[in-house]
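Same chain, two partners: subunit A is paired with subunit B first, then with subunit C.
Take a look at the complex of A and B:
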């Protein structure tokens, strides 16, 4: 198993470097550059000012030189300096990462737990009104755009009912500490986490239902019934466990993308996370920051893929690690 | 409501407001305001974008402030005088001013700031082009000597144009990497306290501020909320008290302005005078033809755009200068909405339906709607318009590389035609790579001479005559299609008093503001 993990990590590093090079050129293919954007924001842009900015950012150097310097930095774990934020990229990302992990982690946990639960219930009661209700609800949440759900949630729970805060990570200036602070952050977390969670929950519910219905038809389930096991035990121990493999695959893929995938929700709810950082960096052509976020997101996807492979093994012991 | 009730209500309002005035400013309280986008830095000497100025205008100060009529007011200078030949400006500084770290502010700081800003501040560099020397005969006197009279000189000292930088912190250091950039030190009414990137910036009252009794407010929180709809909701749910101009989409303004305890004002933009127009590429294509450009002016219903897209705010622009700018004249050729005249001019121009590429300004829904409206106007008179979608960097690149036919824009005018108008029309400002100079490629030696003469003419009456002539020529030639003098309404709780007191508005800081309890 250790050699399996070592091999996967080595492959991941190669993939990561390839992604860095590809993203480097991809970003620079987009029109505009950070010097002109910043000159525009300053409301003044004489040639000298723009040339000074380009020199300061190293954009006056040939592209291969820029790439070499960037990759050299990455190899020594230096993600560079943000043009616009005037701070090291690593610090900016590390400052924002906890908020994103809290948001997406919560959303992921909610969606996985409730998605599997509702999917299993729908499969167990297939063809009944409960199944129809869960399936229709899942379809609605799956098909509705996230930003619309977010805005409607704000309208209902913040504006009309005044139950939950509409933006931010905490109540600014309140000075809460200890449990009060935890509860305050939790209150701010509910709307954005639920908004993201609903979409993924719908996906997991539909997949769990379909997978369980398929497994239910297999011979070993008939054998289990013939052995006289109770239906609850069959569903929980045999059907659900076997039906979870595709859900684990999907969850593994989505867990990686969740780090950078909360752009819309973080923007609408003013959540100070990495998705918003990436979006703003894109609009400002803040090359180093954007590449830095890409590197972190790519690393996360690769890491979660590895974790998924390991989880496979515990869900289904028949799977072996190929070295 | 009956007439009697209205009268009682009006009388009550009058009595309450009289009582409030009689009570005078109250000390204390917290103001929650919105800032968008998040500023990259608060060090005003290094970064001059709008959000930086809005927040850091509370931390830093300039030598002067300006009234809504753009007359100079005391700032860090308590008085000033100009020599008879218009070449020597002498400023007497307020005595006893200290930086936020307790060190005294003196004339040496002014001299240092001038040298600092010449290196880092593009607009200041242009504004100081006529400066021959600056001297400090004593700790509280600064003398600027110009190479030749420069009419707009007295207008370049507001905090955003020429902020004072602490010499004791920056002298002998690499300005760009000085650690103090993250904890800015100024002389202003508020001091920097905390910045949680992506969330908020907190400023606190400067207890040693040099104006006695000010500021009144204890704390200001600037909340970073990236989505326009979410900013509206933040105000609606009472989480923020101030939405500076441009914070919300225009179509939200009427709804928000009807909320309880809400006041809306268009004041505070006089110095900037945001002026909108369509860049018209004078080099090639149909827009190179003067008659085609004139046809555009007649084809576009600017009054309707003002009333529908901008909710009645602002004014229809009559030419290159905004009406708040010095030497503005309305005695120029008029271009009222007249599609028939536009069609006739298009025929005279020999326009045969060639495709015209139009770039909307990618600044949100209001601008997108405006572009749709203009496209419809142009299609109505037979112009074949193709809309090109871009984001901000893409727009910047296309415009600065002259890769467009028509492009929406708006720019600040900074109070004087020599500072914020001429740059868009003189041929010395035709240079690829910048979206803020003479992007349209208009070249007219007469206009070049008029703007060159106008900047240095003395006295003011001579400048007035020159700029009147320049405006007439430009409006006749239509190098660009002027649209509206924009007004970005500031929305506040009515209980936040005295927020906007100068022509620089919210960017001039909250030093005079107070909260009615």
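Take a look at the complex of A and C:
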């Protein structure tokens, strides 16, 4: 098991380095000299300043040396400097990361818990009105664009009913501490987390339903019935556990992308996370920051893939760790 | 009487090919006796078993009759009564032990679940009882087996675990639905003996469903023969096997191939159609930066010839490498070592277009007639695909496809139909027509009759024999069934662990087997004592 993880981490690092190299060339493919872009960002365009910038960031050196310096920077977690924000990229990202993890983590938990629950219910009552209602609702949430759901949620719950705050991470200037602060953040969290959660919940519900119906036809379910087990036990212990395998795979793939994929929701709800940071970097042509976000998101995807593999191995004994 | 089934009628949903899955069937199960229910696929034997367990599909309705057990009519039981009965009064063992066990649960847990379902014992006692049961059914290393997952056991071990599970609550009746069909012949012999022993020791009534008369001869006390849902004959094993009254029973018995190879004319031509020299193939799986790889030798220095017009049999148990050798000979997989000559052409030394051109000379008939035909294509298109790929004019190819279909005994109108519209035997004929469409010199038949009922099997074997003579084919015939091999092969090679351990003419092999493994295989074939007595 240890060797398996070590092996996977080693592979992930190689993939990450390859992505870093691609990022490096990406910025050099952008129109104009990076130094000119940076000088423009800093608000100065004269040749001397540009030359100084080149000197400072090693841009006057040959490309392989530059690549080496860039990769060296990444290895020591130095993602470069954002001239727009006048701050190291790593610090900017680290500041925003907790908010994003809180949002996507909550959304992920909501979507998995309710997706599996509704999927299992739909499968259990397949062909009845309950099944139809769940399936249709799932289809609607799946097909509706996230930002539209977000806007409608704001209109309904914030504007019309005034139950929940419509934007931000906390009430600015309220200065809450302790439990009051937690509740304040939680109130802010509900709308964006549910918005993202609904979409993914729909996919998990549909997948759980289809997978359970398929597993229900397998022989070992008949064996379980022949034992005299009650239907509830059979569904929970035999069917659901087997049916969850594909859901785990799907959830693992989506968990990684959720980190960078919350751009729309974070923007609509003015949530101070990575997604909005990326959106701002894009608008402001903050290349270093943008690339930094890309690297972090890639690392997240790789990390979640590794976690998925470990989870999958723990639920399916047929996949064995090399001893 | 432990169980009395009286005039049972199970109605199929309207619109099927018959109205009743089981029509007016009566039989009795007696404590300490084994009743074998025999019939071909679709005869309704599995339906009878499922009716006994209350596990009929929702679409099948018990229309009339009764199943009496412990003074109650099972057909009138409510859901709660069924839960209490299943596993405790009547337990069941299924055909395919791999799929009948939950892959995510340990064997011990699955056995312990039997007690849990009926609220018996404490969790700790359940585990101890599971261990005791695993010992009783003779699983090696019981402590390890309790903690094992199904995939960690072999097929025979899994079936032992299934039997342990069924025995847990000491049921009065054991229903076994083709419990040895998916097993190798030597494993089958062990499982049959185990069921026999347990049933005697525990005085159980056993209902044993099988399509194999060899198995019947081995274990049955009484026999019920089913055809199209009706009982055509029933009686003691001795009566049914030796003094069968009904023509259907007699036909079934006659269709069972014997282990006596028929006299075969010597081959007119001693030139080699296929020459295989020193073939080697090792599968390497796993393996990476930090782990060692797993190696399986599928072919070890395999050498043989097939003469023109000859059928060479390749027999052995699952995992012996026979299918790998077939795929190597066709160069569907790449050999690690060795030479394969088709006539004068060395298949191992060509590639690309040259290899594709040679492929038409050697064609394959697959085991599963359901999986080997594309369900979305019409039969005609399936047959002409190959010839068109080799540059034959489509109109000519279609004409030839029609001829081939009549050659294999089907109507030419089959061209316009889809594979699912045909029975298993008909599909296998289509598979043969498809293989013949390329005018091959050699046919490779990989378990080509193993999935078929015995009467259909006899017909397809006859067809292959006839085609071979008419078209001057050579054949590599792969089978796990020694009876089939005896009937169709000129010479037989016995494979074990990727190597040929014995290769000689069929008559010599059966009369004087030399290798210990060959002898073991031969002695494991079920029903020999009975059939030799009958003969």
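Assume the second predicted complex is superposed on the first by the 278 of 323 C-alpha atoms of A that agree within 3 Å, B and C clash if a C-alpha of one lies under 4 Å from a C-alpha of the other, contacts with A are read in each partner's own complex, and residues count from 1 in each chain.
One rule holds in what follows: a contact is a pair of C-beta atoms (placed from the backbone, for glycine too) under 8 Å apart; a residue touches a chain by one contact, two chains touch by 3 or more.
Values in this document were obtained by computation on a predicted structure and should not be read as measured data.
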Touched partner set for A:228, first subunit B, second subunit C, both or neither: second
Contacts of A:280 with subunit B and subunit C, given as first, second, both or neither: first
Subunit B versus subunit C as contact partner of A:218, first or second or both or neither: second
Touching partner for A:36 - first (subunit B), second (subunit C), both, neither: first
More subunit A residues in contact - subunit B or subunit C: B
Which of subunit B and subunit C A:95 touches, first, second, both or neither: first
Touched partner set for A:161, first subunit B, second subunit C, both or neither: neither
Footprint of subunit A on subunit B - complex, ascending: 30, 32, 37-38, 40-41, 47-50, 122-123, 125-126, 176, 181, 196-200, 202, 219, 221, 223-227, 229-230, 233-234, 236-237, 239, 390-398, 400, 411-412, 431, 433-437
Complex contact set, residues of subunit A against subunit B: 30-34, 36-50, 56, 84-86, 92, 95-96, 99, 151, 154-155, 158-159, 162, 165-170, 172-173, 267-270, 272-273, 276-277, 279-280, 283-285
Interfacial residue positions of subunit A with respect to subunit C in the complex: 3-4, 6-7, 10, 218-220, 222-230, 233, 237-238, 241-242, 315-318, 322-323
Of all residues in subunit C, those that touch subunit A in their complex: 53, 55, 82-88, 91-92, 94, 96, 99-105, 113-114, 117-118, 149, 151, 162, 165, 286, 288-292
